[in-house]
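After this come two complexes, each holding subunit A, first together with subunit B and then together with subunit C.
Here is the complex of A and B:
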């Protein structure tokens, strides 16, 4: 896998592992692109410094304590793993169900999914005081620990996402291989989200987590927030001229998003009603849940309901659903809602200890915030550079002889700025 | 069709045997309705709503008449000698009467009264859980919040625990509490009472000063770059 000259004759394009890496696009990128990269690098560096502080000074720099054994990193793990679901939904829709309107989005979706799972796993590693002990986790796994399953599923899923991206870009194996890869990735994704939900649901000592509905809620929240984030990413890419999508694709995404949101909200209400139903309510259970509706956690949990219902209300109107401002607002609201939901979900279990002792609400320390921002910036950096140097736009004959290629151009047009022979400047100066 | 059916039914009612059958059925139905509507005798009428210890209120054995000043007209026992109760766990409260007087007020002045945390008194048929609250305040808070004893919503402390030997709990704890249920020993070994401590105060978060300074610098620099990007875009 050595770097070779590109098949496309253009300065700065190098062929490596069968992909034409357009490094020339970085050289010719404008100052605004590099300014944005600089901001991301600053936050990545701050994250690294935070990690150094954690490794050198120990867990005293974290707000995680005996009663809050999982902190921001775990809510982010759930969040990022969930967000990655959007990528697979789009990818599977194209290659498994023939939803050709999403084909132009497929590469971006898979890249986003892979990057999200990557930063989720990095969050896991940076939470360890002695990360080198991960070795023992790998070589001597405890089969009764659900972390073994979710951790391995996340690692495998990340590899699958990047392999899928490689298959899509290189066109190796054609549509047939892409179809087979989807058949492998789809059960893996369900396995990943299910085992992530089980990390919470299998804790019998934390009754707010110990519910079977946790798994379907995870799947719907993940799908909804993932699709919402993908829609935002698609709009951003379109804004900077990387893609130009047809409005019909966004309409399809919006319809799908609103459907999943209402299922997600329904499951949440089902759980709340089960907790509070007069003849079924267990006082300890309702007491704990009340922290989140009227107590010290309400400021975090009530926005989940408000933003969720608001998001659905925005997308429910058939006359306004096609408007970009409505779609973007609803998507942004739901992405924020699910972040808060993950945060409160993590807090829920720890709100009272296993002895019934009340805990003050958890607020992350500076080091935890820096790790969070650093990893987020690193992921964005990965995406920003990837979108620049990787051929993200699917050519008209992307996957060989199978169906679909002819339809790609119906829903997306390759903007001249991204055609290799023309100016590769895409991010900074457009819009 | 309907008319012919009614006529047939009318002919049937002239039959004496059918009349008898109808009469018996009517009596049975009326008796059933009457029984269903009649007030059910309160088998446990003397129990309090929550049922604690009402089966042996003090005044059952020590009828008390109070004078105009609210004091007993007859002299009352001045100790608890004949109230021999085996204490397990609660024997830690003291020797002899001292253990009893930890919860029961002096029988000479307040017969059958139990002492509440604020120094006031409650009858044994009242909210005795608050008596337990004096020492077991953490457990009381958990019970009040529904965390301790969460599946027995109407049960109070003495509904589940033998008040004299609280390490024994009743198998059938749901009200009405009769005080005669089968008890099981909930604590395997005799343990001296120690109230559940509050949540430990977490040690303060130690944030290195250098990291705070570098973070502030990084944040300011990033904010500056983003501002320039936004302002520059607007100018364009």
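Here is the complex of A and C:
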């Protein structure tokens, strides 16, 4: 009797929309946690101040101009949407492909996906001088504008992610509903990302954007960076003792990551060849691309190649790729590489204007940086509090009946954090 | 017993590494599903583009080679995209004309008088940092934008030629297709206009435009009170996109555009394509004319001759 009461009514736990919100965890949280929260709050506040400055003083506080029509907010939109879609691929692979080793990451992946799309959309809104005019999006959407598709997809996807998280936590509808949600969420993630790539690719006015390879590049970049970020997040949560994952899960993740990275680099290489091959080279393309390889824009593009090849090389080493430090560095390198890649892709549309005029590289203004950091801090705040208050750890016997028969032995179940880490054995390669 | 639980002979033999729980069958199923979704996603776009192509092809087949028929096809094209919104609030309703312009690059001396006249006429903010018209100083021997100079200091150089650019009032305007909220559209007389009170300032149209013709008011437009043109909107242009309107407030009242009026060498001709005897119609029909970035199929309504 006593035991049952204790589990149901823990102090600080409030039940709302079917979820046990553990607010008590916030009370017992250590000073380090609150220091982190305070830092995030300060940055969020600074972001709000930046937004107020933008709304009151006008668009000129941004560094964007006619020649650089879009700036940091847009490269961030591509970046966050990509990270989000990529994280979901991991979660979806649990259901679609039966990749059970990723199951412990599922809730984290979905929360991360939802929050990232949220800050992507907020970045979009905070770039508008009169955000309330957004309602025209709903009233008179233009079917020939790709913006309508990516915007609505992002909004719907965000809702879908949070609904999915709710289904996972409450267990409503069981494994079957979770499976069905994934069947919707994964194609939606791909759709969202395809439409985002099309925002660039469907412009005959911008030579370097107007290529079909943009769509697969977006999908691979998204998957790679999303998986890399998820891996980093998992390592951080493991470090703080939130939960412990099997080394095999990290090994699977890093194999997956290295595969996607090499495809991502390959697609980039394919595009560069198409730009420069003598039978294909056009002045409009070669001149613009040259700025990024050898000219004033090289500082943002060359690191993409160096970091990309570097992280692949790290993950390719058979003897070292199981080491957490190698996996973490490779993941971190690629997360940075993709950020620079988004920045480069954004700049590629503007380095030479549509009337052939060269533009110096764009660097964001103080207000844009404040907005960027503020939104990032807001997203992290959401994640940090969410991970504390929401039941992010799946109860051990919650799911798994459906997939149980074939893969039960290989489930990467959450093992208590106390268990000392075992050095993973290297897998004997066949053939 | 389900089929999946029976190990297939080849699966049983191969030692799967730890953590790899993906069966080939499930992988292929998943892959197939993803491919199907991807394919389905492209259907609407593909369908609409194919339909548009078909319409274009049938038109091209009908169009003959005589001047009048060529003009008819262009005019017909120009009518295709016309979001039937309410007429724009800052001009009279469109008449039966189809406005067009011909610019003689052989005559143009690059003096930028058209630019200044346009700025005064259209209440363009003096500190806004843009002009509707941008004159490019071109190198001889080629029409190559990459080697053109926009910020030249000396006009009328004999070793250069000059190409004024502005909104081309395209028959198939990428900006109109790209505006997410239909805040910009083509009027029946061919002019692409913007509703300043509707523009959400996303600037996607500026991305779409291949001619750098659209400009954003990053600051509130500042015009000295005595120079304000009461016929042209002013306050509402703050923080929205604007561009050349073929001086819609003048041309729909029987006047010509400010740039045509200002040109000291008569390099610009403005008129009605629907009138076969108009000067523009005659020029387009009889002279060796070309349009900027014609390969992009935007069908500009500004022709160059020279």
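By definition in this document, the second predicted complex is superposed on the first by the 391 of 431 C-alpha atoms of A that agree within 3 Å, B and C clash if a C-alpha of one lies under 4 Å from a C-alpha of the other, contacts with A are read in each partner's own complex, and residues count from 1 in each chain.
The rule is simple: a residue touches a chain if its C-beta (ideal position, glycine included) is under 8 Å from a C-beta of that chain, and two chains touch if they have at least 3 such contacts.
Bear in mind the structure is a predicted one, so any value in this text is a computation, not a measurement.
Participant: Quick check on the superposition: with subunit A as the shared anchor, is it clash or fit for subunit B versus subunit C?
Facilitator: clash
Participant: Once the shared chain is lined up, is A:98 touching subunit B (first), subunit C (second), both, or neither of them?
Facilitator: Only subunit C is touched by A:98; subunit B is not.
Participant: Is A:284 touching anything from subunit B or subunit C once the two structures are fitted on A? First, second, both or neither.
Facilitator: The answer is both, since A:284 touches subunit B and subunit C.
Participant: Applying the touch criterion given at the start, work out whether A:176 contacts subunit B, subunit C, both or neither, answering first, second, both or neither.
Facilitator: neither
Participant: Applying the touch criterion given at the start, work out whether A:365 contacts subunit B, subunit C, both or neither, answering first, second, both or neither.
Facilitator: Touch status of A:365: first partner only.
Participant: After superposition on the shared chain, which partner residues are touched by A:352: those of subunit B (first), subunit C (second), both, or neither?
Facilitator: both
Participant: Counting only touches as set out at the top, which of subunit B and subunit C does A:27 meet: first, second, both, neither?
Facilitator: neither
Participant: Counting only touches as set out at the top, which of subunit B and subunit C does A:38 meet: first, second, both, neither?
Facilitator: In the superposition, A:38 contacts subunit B only.
Participant: For A:65, using the defined touch cut-off, is the partner it touches subunit B, subunit C, both, or neither? Pick first, second, both or neither.
Facilitator: Both subunit B and subunit C are touched by A:65.
Participant: A:53 in the overlay: touching subunit B, subunit C, both, or neither? Say first, second, both or neither.
Facilitator: Touch status of A:53: first partner only.
Participant: Give the label of whichever partner, subunit B or subunit C, reaches more residues of subunit A.
Facilitator: Here the partner covering more residues of subunit A is C.
Participant: Considering each complex separately, which residues of subunit A are in contact with subunit B in the first and with subunit C in the second?
Facilitator: 60, 62, 65-66, 283-284, 287, 352-353, 355-357
Participant: Residue numbers of subunit A touching subunit B in their complex, please.
Facilitator: 32, 35-36, 38-39, 42-43, 45-46, 49-50, 53, 57, 60-63, 65-67, 282-287, 352-353, 355-359, 365-367, 370
Participant: Spell out the residues on subunit A that touch subunit C in their complex, using ranges where they run on.
Facilitator: 58-60, 62, 64-66, 69-70, 93, 96-101, 127-130, 133-134, 136-137, 139-142, 144-148, 151, 183, 186-187, 190-191, 194, 199, 203-206, 246, 248-249, 251-252, 283-284, 287, 349, 352-357, 405-407, 410, 412, 427-428, 430
Participant: Can you list the subunit C residues touching subunit A in their complex?
Facilitator: 2, 4-5, 14-15, 17-23, 26-27, 29-30, 33-34, 37-38, 41, 48, 83, 129-130, 134, 136, 144-148, 150, 165, 174, 177-183, 198-204, 206-212, 215-220, 238-239, 296
Participant: Which residues, counting only subunit B, touch subunit A once they are in their complex?
Facilitator: Within the complex, subunit B contacts subunit A at residues 138, 142, 145-148, 150-151, 153, 196, 198-200, 202-203, 205-208, 211-212, 214-215, 218, 221-222, 225-226, 228-229, 232-233.
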